[in-house]
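What follows is a set of notes on a single structure, which appears directly below.
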Amino acid sequence: VIKVGVTAPLQTENGEWVKQAVTMAAEEINANGGIDGEKIELFFVDDEDTASKMISGITRLVTRDQVDYLIGGVGSGAVLASLDTMARYELIWLGTGAASPDTTKKVAENFNKYKYYFRVGTLDSYSQGKSIGEFIANYLVPEYGIDKAAVISLDLVYSKQIAEEAVRLAEEAGVEIVYEDYFPVGHTDFSASFSKAEQAGAQVIIDAIVTADGIQFTKQWQDLKVDAAIVGAIAAALKPEFLEQTNGKATYETSAYPNGGPAPLTENTLDWFAEFKERFGTSPGFIAFPAYNALYVLEEALESIDKSDWDNKDKVIAAIEKVEFPLGGEKGVSPVMFTENHDLVYGGNGAQGIIYQWQSDGEWRAVWPLEYKTGTWEVPAWLDW
Amino acid sequence: MSNILEVKNLIKRFGGLKATDNITFNVVEGERFGILGPNGAGKTTLFNQISGFIKPDEGSIIFNGENIIGLSPEKIANKGLVRTFQIVKPFKELTVYENLKVTTLTPKMKEEIKSEPERRKWIEYIADICELKEVLNTDSEMLPQGYLKKLEVAKALSVNPKVLLLDEPFAGLTVSEIDPISKVIIKANEERETTIVLIEHRLKEFMALVNRIIAIDYGEVIAEGTPNEIVNNAKVIESYLGKGGGDIVNS
Amino acid sequence: MSILSLKEITAGYGKAVVLENMSLEVKEGECHAVLGPNGAGKSTLLKTITGTVVPTAGEIQFLGEKINGMSTHKIARKGVSLSPENRRLFSDLTVHENLTIATIFTDETKSKENLNFVYEIFPRLKERVSQKAGTMSGGEQQMLAVGRALMMDPKILLLDEPSMGLAQIIKEQIFNGIKKIKETGKTILIVEQDSTMVMPIADKISIFEHGHIIFEGTSNELKNNDSIKSAYLGL
Amino acid sequence: MFANVFINGTINGSIYALIALGFSLTFGVAGVVNLYHGAYYMVAAYMMYWFVSIGVSPILAALLSLLFVAILGSAMMKGPILYLRKRGESIYILIFTLGASYFTQYLLTLIFGARRYSIEPFFDTSIELLGETIPGSRSFAFLISIITIIVLMLFINKTTFGKQILATSQDTYAAELVGINTSRVFVAVAAISAVLAGIGGIAISPFLSISVDMWLSTLLKAFSIVILGGLGSIGGSIVAAFIMGYLEGFISYAWSSSMAEVSFLVLVFIFLIFKPTGIMGKKTI
Amino acid sequence: MNRLKDIRFILIFIGLVFLFIFPVLSSDFYLINILSIAFIYAVYAGSWDILSGFTGKENMGHAAFIAIGAYLLGFVSAVYSIQPWLSIPMAAVASALFGIAIGVPTLRLKGPYFALASLAVASIFENLTISYSEFTGGEEGIFGIPFLTPGPTSDYYFMLIFSFISILILFIAGKSNFGLILKSIKSDEDAAKAVGIKTTKYKVTAFALSAMFAGMAGAVMGHFYGYVGPDIVYPLSLNTLIMAVVGGIGGIIPAALGGFFISLLTELLRGLGQWNNLIYTVILMLSILFLPKGAFKTLGEFLKPKNKKNKTPKLRGEENE
């Protein structure tokens, strides 16, 4: 058997997605006879998204359960803190979350020590910000002549990095940032920020809200009919329940989906999306995509080398580095290709950021890049652009 | 003999109420001085001011030739002016021995006691004269009222004060319980040359103990004199002793 | 006929026993005084009757019914009303409110009568109906405390040191009031230190020390008992 | 700027006041710092969501949810809190009620999962005032809060039972002496407090969202408000709640949203140091 | 000596011997890992106790003290790669100073007022940590801190010895005249002042001591994980309080045992998935209701040698005859 450990905050929605997606993939692989005849056995630990629990959890997986590989990790802080424990045990880790660019930066800085880590997902924060920036620069600016934008975003490093990169690209396209405000987790009243953004003449508000605070943010934006469109990354908006969670006030909200979502990214994406929903009753979240892909990456890598080499970490690592699930291909549910630092290749045939919008008919559609669009971006009805 | 404590024109207001209204008196070194007055007359408030717990609005307090107004209670105590409380304040979580030990850990006593055996001896001496020996290892929480009153006096005595302010040490005690405390007070005064200032309502024992008295009513000094002069003072009789009150002491 | 009787009551606080095996009878219509020094347990006696302190042994009967173990408010509603030590007024409420709050559980017409009666015996309260209780002088507060206890229309009125902390003149006013209450035939149990005030109005006197009754009799009997007088009353 | 800060500060302040009031009332009457207060707010919101989701009409659902938290509140008071209160040492009440709050959070996670829920607004027509748009759900929450506060004040000041509450808060012992069953008053006050928090929870959930950790930040806000206002002082709590509403609005507007909460905490801290008894000073319910 | 008759000391001694030889007996790194961290929790709870248990100020923001040590270490080591032998003393000094800075203004506060003030300080810290991410790494924290020692077993011994010495110092402080004075202040501050105790000095010292050990333990924890972040620091405010109270306050060792065992318990309960937190809170509530003095204090009193007779004084009534 191949023992695979899974670390995730199992009591949160993200953790549940990881568990569901990995379980699904393992069952499929085992039903097909396993990897080179070896069945996959999964071991879960609940890391509560804290460094201390993740570290002792990984220690337990390695020393007690004797796992061969690790999948998972959601928050960047905990994952970054655990990398040294990973290195200590030379444990190959297919990461599913941790959007901080620092994880793969560590691999780059000290390859020999940290080479065990791979970003199977999600996009790092800069790439996420890039997809938003590109949408503004390459679509909103030419189509609508946008020239003023505001930033109202969560006061967390992860969110700030997304917003900063989006801002950088928007500014390059000639958009002026007229107002910036960062709010803490659990903020309840955004009226002051919206009002100031309006006064400053912003046409677009760039947001990056990775916590559930995006729900009340969107509700209040809609309620106040704020004089600017919201475009950015609201994690809560990336699943169908968002409409109900906002009491239907999700319309016109526009968010980037990091390398996933119900768009034809690979030949499997849409079918898998439907199957997942049917099996678990909820659609897969963005973290389910890499969690599902991870086992298939492992399968592909192990099958590409001799079974006798499975104990040779360097050979396995080299094999994983070679794995390619290209855009539009037949493997995986979203594109996966690694850079030499074990980061995801962004753009081209590699990982994608897709912009989705909740549209006036209540449907959730991909609107950018235009190749994948399932709908056309709509200007909020109360704006006269 | 010289005045060890001089209180001049002391005024303290609580809102509209003058709790002490221009109180002036002197205490002579080595004497046993008494303060008399009905409930609420301002006696405890006077002690609170002398011991630094309340800052007077006006007036001066000279202790041992030094103005002590504005000094903190602990500074005043370390100069040798120590008070007890009307409502006893034992250190509840501690045993009697520990209660007395704490009081010897003050800056003043650290100078007077140099070693642990010396400290032990001193505590035992205090416990001995205050008749607390048999309860030394008892948690003070469990002590009955009589012992608590003794402990209150013992704590103050164990810092070897020059002047000891006692706020109603007999309240709540029976005649037989008052006696030992009276003796302690006399002993402290005669053997250790501690000046005593005493507030008490238990007239008989009070009059027997003190050499000189001031009587206070509504925050003002209404009379000053020897016990005999006080019980025959018309004002004191009217405001405090009541009709025929003088007999109480005279008889 | 005795309205209230304590039979061999033992009571105290935690480990400290304050009342030991003590018995006491209060006869209907009498003014019964309990004298004793500070800390003798006089207040504890009243607290035990009103259910605040629960006796560890013995029985308390009120109108033939066992009341020990009942909660304070139940005993109060049965007609045992206490004007407590330190007055314990509702200091942010007005005089009027302090008085009417005690009538929540009594009959309305009776309450009106009682209110008039309280104002009659303590006219100073009437002048100050809307003053906050906390801002009044000690004497007025004491009148209010007695008045509040009366407003419950009690069958027995318990008074805990009504003269405490008061000037002579005020004491006299209060005791005049108490005398008028007594004249209506109300049973009174009064606890005092000031024997000169209480002796003239008491039908019966118990002297109390450390949880024991060491003397019981009329004022006259007490006056003639020199040993008690000097040892315990300082007279 | 003035209109924005004023209008939103007033709305938020009224909701804060509603939630802090019960906390203050419990302290004022029973002398208990009940850290379970935030849980009433959360439980009411979840019950509301659940009743509506099984098809109960919103009004009935709200009433049933409030009834549920009222029972929960009285049970907490009657059982553990009064027991611990008798035993003394306030720290045990503090920790017990805190532990109970976490227990409730984990229990709800087990039942409802970690996801967020929302309730449909009762009223959803925006209003324009002084050039500011006020969403219907917020003006509704404001109205409900103000009405509840007024009703509570009338209840306390005008009814016999209110008099009993007042008397108990002034002096529990004296209240017993005049025949008031103070244990019953405590339990009733606990139920009222729970209902106040519950109304808050139901009123805000249309525009915020329901989650298993919503109790903690609310509790901390209520705690700070009540201390700033003076523990046990209802008037003080109301004033402090509005100060918080306006201050947060002002800081968000003039400086940065991320500094709004910190600024309030710093204010509370400074106030505590210089005037530990709060705005109103003395305890008056 | 008397100590030898005291079964409590014998048990603690046996426990310590066991802990010292444990890595020799077992190479279960998971257990070694969770034991190591349990040692640090013991110091957190013990350092909480020297302030709150001894002076009665219920600190609900102990994490602020821990954060000072941990973040100071994190910040300097991110820049200068400071090693434990230097960073731990630095944390000690900085935290002690910070303890004094918090202690002086809050001296007068008691009960819920102090509880809120301390809670507010910790919340302010937490907010600033998140907002000023340039220095603190925000929610991602600071990583790449040098490890305590090269391996898990040496980490284990480092932390065992560190916590043993810390708790011993705190215990001796509590047993000494200093602790006696703190307890007298807790009982009645006015009475202590009246005999001349400089209460301010002692209270501020208690703050400094409490903060110092909390800060050092925070720094050790940072080196152990190689990481400092809000997720591991700020929940400690309430966890420490709970551990100390459930263990038993006012004696250092019961509180420290509370920290040690509850930390182990939460780790061992993880196997129960969703139920673990529920069970943890139920245990907490039950122990407060039924073990009012705290689990280990109750146990300690049960095991206490009974030879020291506590004479109960006679009641006054008997004495009169």
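So that you can tell them apart, the chains are marked A, B, C, D and E in the order they are listed, and the count of residues begins at 1 in each.
The rule is short, and it goes like this: a residue touches a chain if its C-beta (ideal position, glycine included) is under 8 Å from a C-beta of that chain, and two chains touch if they have at least 3 such contacts.
Source: prediction; values computed, not measured.
> Return the chains shared as contacts by chain A and chain E, ordered by label.
For chain A paired with chain E, the chains in contact with each are D, in label order.
> Tell me which chain's centre, taken as the mean of its C-alpha atoms, is farthest from chain B.
Of all chains, A has its centre farthest from that of chain B.
> If we define chain centres by averaging CA atoms, which chain lands farthest from chain C? Would you check?
Max centre-to-centre separation from chain C belongs to A.
> Can you check which chain pair, A-D or C-D, has more C-beta pairs in contact?
A-D
> Rounded to the nearest whole Å, what is the centre-to-centre distance of chain D and chain E, using the mean of the C-alpha atoms as each centre?
Chain centroid spacing, chain D to chain E, equals 32 Å.
> What whole-number Å value describes the gap between the mean CA coordinates of chain B and chain E?
Chain B and chain E have C-alpha centres separated by 42 Å.
> Please report how many Å separate the Cα centroid of chain B from that of chain D, as a whole number.
49
> Which residue numbers or ranges of chain E touch two or more of the other chains?
Answer for chain E, listing residues that touch two or more other chains: 127, 130-131, 274, 315-316, 320.
> Name the residues of chain D that each touch 2 or more other chains.
Within chain D, the residues that touch at least two other chains are 109, 258, 261.
> For chain B, jot down the residues that touch at least 2 other chains.
Answer for chain B, listing residues that touch two or more other chains: 142, 144-145, 174.
> What part of chain A is in contact with chain E in the complex they form?
So the residues of chain A touching chain E come out as 10-11, 45-46, 49-53, 55-57, 59-60, 62-64, 75-78, 80-81, 83-84, 88, 100, 102, 106, 155-158, 160, 182, 184-185.
> Give every residue of chain E touching chain A within the complex, in rising order.
So the residues of chain E in touch with chain A come to 28-30, 33-34, 37, 127, 130-131, 133, 137-141, 143-144, 147, 152, 225-227, 229-232, 235, 267, 270, 273-274.
> Under the touch definition given earlier, write down the residues of chain E that touch chain B in their complex.
Residue positions touching the partner: 177, 180-181, 183-184, 186-188, 190-199, 250, 308-313, 315-316, 319-320.
> In the complex of these two chains, what residues of chain E are touching chain D?
58, 60, 105-106, 108-109, 111-113, 115-117, 119-121, 123-124, 127-128, 130-131, 238, 241-242, 245, 274-275, 277-278, 281-282, 284-285, 288-289, 292
> Provide the residue numbers of chain C that touch chain B in the complex, in ascending order.
Residues 15-16, 37-39, 138, 164-168, 194, 196, 209-210, 230-231, 234-235.
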